[in-house]
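Chains here go by letter, A, B, C and D, matching the order in which they are written, and residues are numbered from 1 within each.
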């Protein structure tokens, strides 16, 4: 079962990558249903279509590495190994959620996984990742910090400041740009004259690499190289994953801005179609195993949703907790 | 007297460039004396050594062009043709100053010259220049907007955002980086892994050009090309002028951070030494004319300083004016 | 005169001002074809073209800077900042540049721009999309700050803001976008300086703005049943602030409560309370009371969020205490 | 116990905390070899090395972000922002990120960092290097805000701020750097919550902080000659704010004046005044008065600047009016 396949990844690992991608896909599809059914308030920004970038990246990381994510962060967190039950619980606004229902989709955090946060501010996680990389370097144990961000975020000032700083100090940071061709409802080409975000790496004397963001193995490979470079003390890398979000910017967006046929083209490269096909044809994974994974994922998500639905709502008094670590008299300071 | 020299510039123009550079040099040297003598409160950031960048740039501009400057802005303003008397008056905090003594060195502005302001925030003028360029384009009369900034400012987020935006919209902006090798007391090499700021232009799909910032003709030439490009609707250019400030970051800085011999090397390339020498040897300007210019500049600055010293102090009631254009009842709103 | 939505009133003001003055331009994220995240600018790109409506990269500082530079040279830019939380990314251009340029230049330059900002929660929008940060801007001399509560005011104040020669921060509370109100067919720009009594009363003055006005009005209905007569005074313009209007109301009531969705601590209610305690102390029969968000970040969970945010119930209770307290004292 | 300069007290606090805990690191512009624009960190790079003292590019947002990310992972960063005006460039990281991370994570993460910021004028430093923006931060739940007035407090509070588990905004008024005061040899970190009576009095309470305390003390001397007894209460900690301390003082005096260099409108004096008007109304015998900068940008010219800024004379005059006014009323 664990025969080495391409010299590095055995079948089990490969199937594991598929499983993670499928978990993300189905987590998001279900989340959108649960939202329609009224279980989830607030925003949802599904990452459907971008699973390979999330899973490929996280597959190249070790347990001491940390991740800063975005408003489209469920995939990153699941790819990192998060429990979908606690994630749904957070979305359902239950105390069993990762953040006791205080964060929600935009601010999910799990320190145990080194998942230092989704972020509601476009580009807002990038500086934090720089700081995490700084502390990784100070620790000297080879840990890296990964910063996920979108093509739109690459036009924020923070991107520039942080890439400069991290390259200057040779910090172990990996900047993973998920270029899904859009920021909200506006094409990337209308937001920047530079099509390849990776081309910006040169401005910081760091390598800029393009990965096929719909190919989990390619992403994994490119990120792994970046991680090796970072662990070796050679500094950060910018990895651009070319990908596409199948759904709207958020749940409810009808995607009127898309040219006809664009989605269809990308659907042909859907990692959840192409990768399992490759597993079978190229890596000799039996069809039944694929089907078994599908069933497991559904079951896991059934349980996750049940866990969330059975969760409890925070007592209103919790509103005043966690404003400060040492809240004076347990209440928010006035 | 107006014989064409290098195919474009006649002797009068060349001598004019020298005159401007000398005016700046002596303006700054005197300002430092006047400050020591107690006439000038607040900060002074002298641009001594960088005159060629200022004068070369402004020599490539027309009357409808506008300029955004920096904390080291006296040279830019004088290069643009400002009256040293009104400038000293501003520094002396007199109402005859360009800004009725409300701005001082860091905030000098003359709308008549299209000089839209020095700036106390490193990088703070860059976004404004982007907006000025936008309006120039909207006007459609071929005007450009020039943004001066330092090597240190090139690490600010604003730099990134604005260069991206201006290139995207093909705005008539010229980004003139005066790379004087330091930001305050820290070498540029300790602030960025990229030695040539011009190398960052590629990240915005715009040309990046390096000029010898101590050679007024080279600067003028490179900026003129950028201006032509901008006027033709082809978008912005980043021009990096390699130069050096002879004095400290501000008056009072003893420059302990400089490696030995560095200043001396740059003094050999002092534009106020090399350019007049070239005028004589290469362009056949008579020594006497150079001397005459020197005398004129001193006389002009004598008069300027007298004008400032004879100026009046604003009535304290002026404190409350100009907070709003239509100050309610002429007073600051509470 | 027909009822329209608050959001429509904003669109109409933009449209009419753009038609009137070709120097009125719009800048913001997704505001072109898509019409912005909330549809406010829908149709304006088609109507006025690319030299009037600028759909920008996600670069808040550059956007405000672009508006500022253009405004110095004759344009009348109106910026849309999608959520006021994101203004945190443009504070230098707003505060250090736009607010001060007229003053620092000794009156030689000015910055006639408007920054429209959505504020307040939209329901579980959590920590970074729910804040109400207007107080920050009221602390910055050189800025004007407007916060309308009705479609009619939104339209009249936005028109005034666009014609105003100074930088105006224009707050639009998300929760008001779908509220309806009568808007005259011809709206004249308002004077950016006046509050307004929207309900007369004699026992206490509730100085409120934006959604707070609606909550105060609801509370006033309930209080009336208790025999408490609340005057609701819509602040509307935070800077300049209508001291005379506040005084006139306190002359009638002698008691003051402030209401806003922003966090109470150092919110604009503090300024109003301080003005009253400083300049109208002789009129006060009772302590000033402030109702607003409790000082926590915005929680995601609905029941926590509604605990944090001001509510009609809190206003009613506070009013009862306030009027009761005075009776005890008197 | 010997008198040292305020600036030295800051250096000592940094030095001692760095010696105590190797997770204390410094970040800021020019803070390495040059020791920072004001020499505060001089010698610390040599003493503690490059993995403790980070001289940064001019990138305020990245600097604060770097501190924040490191703090989440166990470091105790102290950032130097050269002038608080430049914090405008880092507001997202301070306000949307650092302030909220503990809350948004449901208590799973925290951000024990300190942001040291110079504030106030240094004499004709004009529009962009003179502001006092502390009030902004007091409006943001999740941040603590400290503003010491003496070397001893500066040292004790900075040590406390560094050991504090939350993000602390630490204000250092430029004009105090050269003032001297006694500092015990062994300084224990202060509790970040207490104001302090620095002069006792019975006619009015002057609640002041930073330079305002020194101005208030001078004014109190002058007032004493008039027979007016002013109590000076050093606020010290703006968030958390010492309500009990204020109440205790008002119980003695019944009159309140606030003093700070920040612009009065929506300054922290408004919050203090509002607290008094809300919670201590029964103690007030007279209107609250606020002394601070008039609402204009900072002018360059010295005589305009001194018109704008609060002065001992204005405090004295205001106190006379305040005490006089009550006598009229009474």
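Everything below uses one rule, namely that a contact is a pair of C-beta atoms (placed from the backbone, for glycine too) under 8 Å apart; a residue touches a chain by one contact, two chains touch by 3 or more.
Since the structure is predicted, the reported quantities are computational estimates derived from the model, not experimental observations.
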{"item": "More contacts between chains, A-D or A-C", "value": "A-D"}
{"item": "Greatest separation from subunit B - chain, by CA centre", "value": "A"}
{"item": "Separation of mean Cα positions, subunit C and subunit A [Å, integer]", "value": "36"}
{"item": "Rounded Å distance, subunit C centre to subunit D centre (Cα mean)", "value": "29"}
{"item": "Distance between chain centroids, defined by C-alpha means - subunit B, subunit C (Å)", "value": "40"}
{"item": "Of all residues in subunit A, the ones touching two or more other chains", "value": "99, 101-103, 107, 119-121, 124, 155-158, 161, 164-165, 168, 190-192, 323, 332-334"}
{"item": "In subunit C, residues with contacts to at least two other chains", "value": "56-57, 59, 61-62, 85-86, 89, 92, 96, 100, 103-104, 126-128, 141-142, 239, 265, 295-297, 299"}
{"item": "Contact set on subunit C toward subunit A in their complex", "value": "29-30, 32-34, 37, 55-62, 85-86, 89, 123-129, 264-265, 294-297, 299-304, 307-308"}
{"item": "Subunit A residues within the subunit C interface of the complex", "value": "41-43, 90, 93, 99, 101-104, 106-107, 119-124, 152-153, 155-157, 183-186, 190-192, 256-257, 313-314, 316, 318-320, 323, 332-334"}
{"item": "Subunit C partner contacts - residues on subunit D that touch it in the complex", "value": "85-86, 88-89, 91-92, 94-96, 99-100, 103-104, 126-128, 133, 135-136, 138-142, 239, 262-263, 265-271, 273-274, 276-279, 281-282, 284, 286-290, 295-297, 299, 329"}
{"item": "Residues on subunit A engaged by subunit B in the complex (per definition of touch)", "value": "155-161, 164-165, 167-168, 190-194, 199-200, 202-206"}
{"item": "Subunit C partner contacts - residues on subunit B that touch it in the complex", "value": "66, 68, 97-103, 107, 109-111, 116-117, 119-121, 124, 126-136, 138-139, 145, 157-158, 161-162, 164-165, 168-169, 321-326, 328, 332-334"}
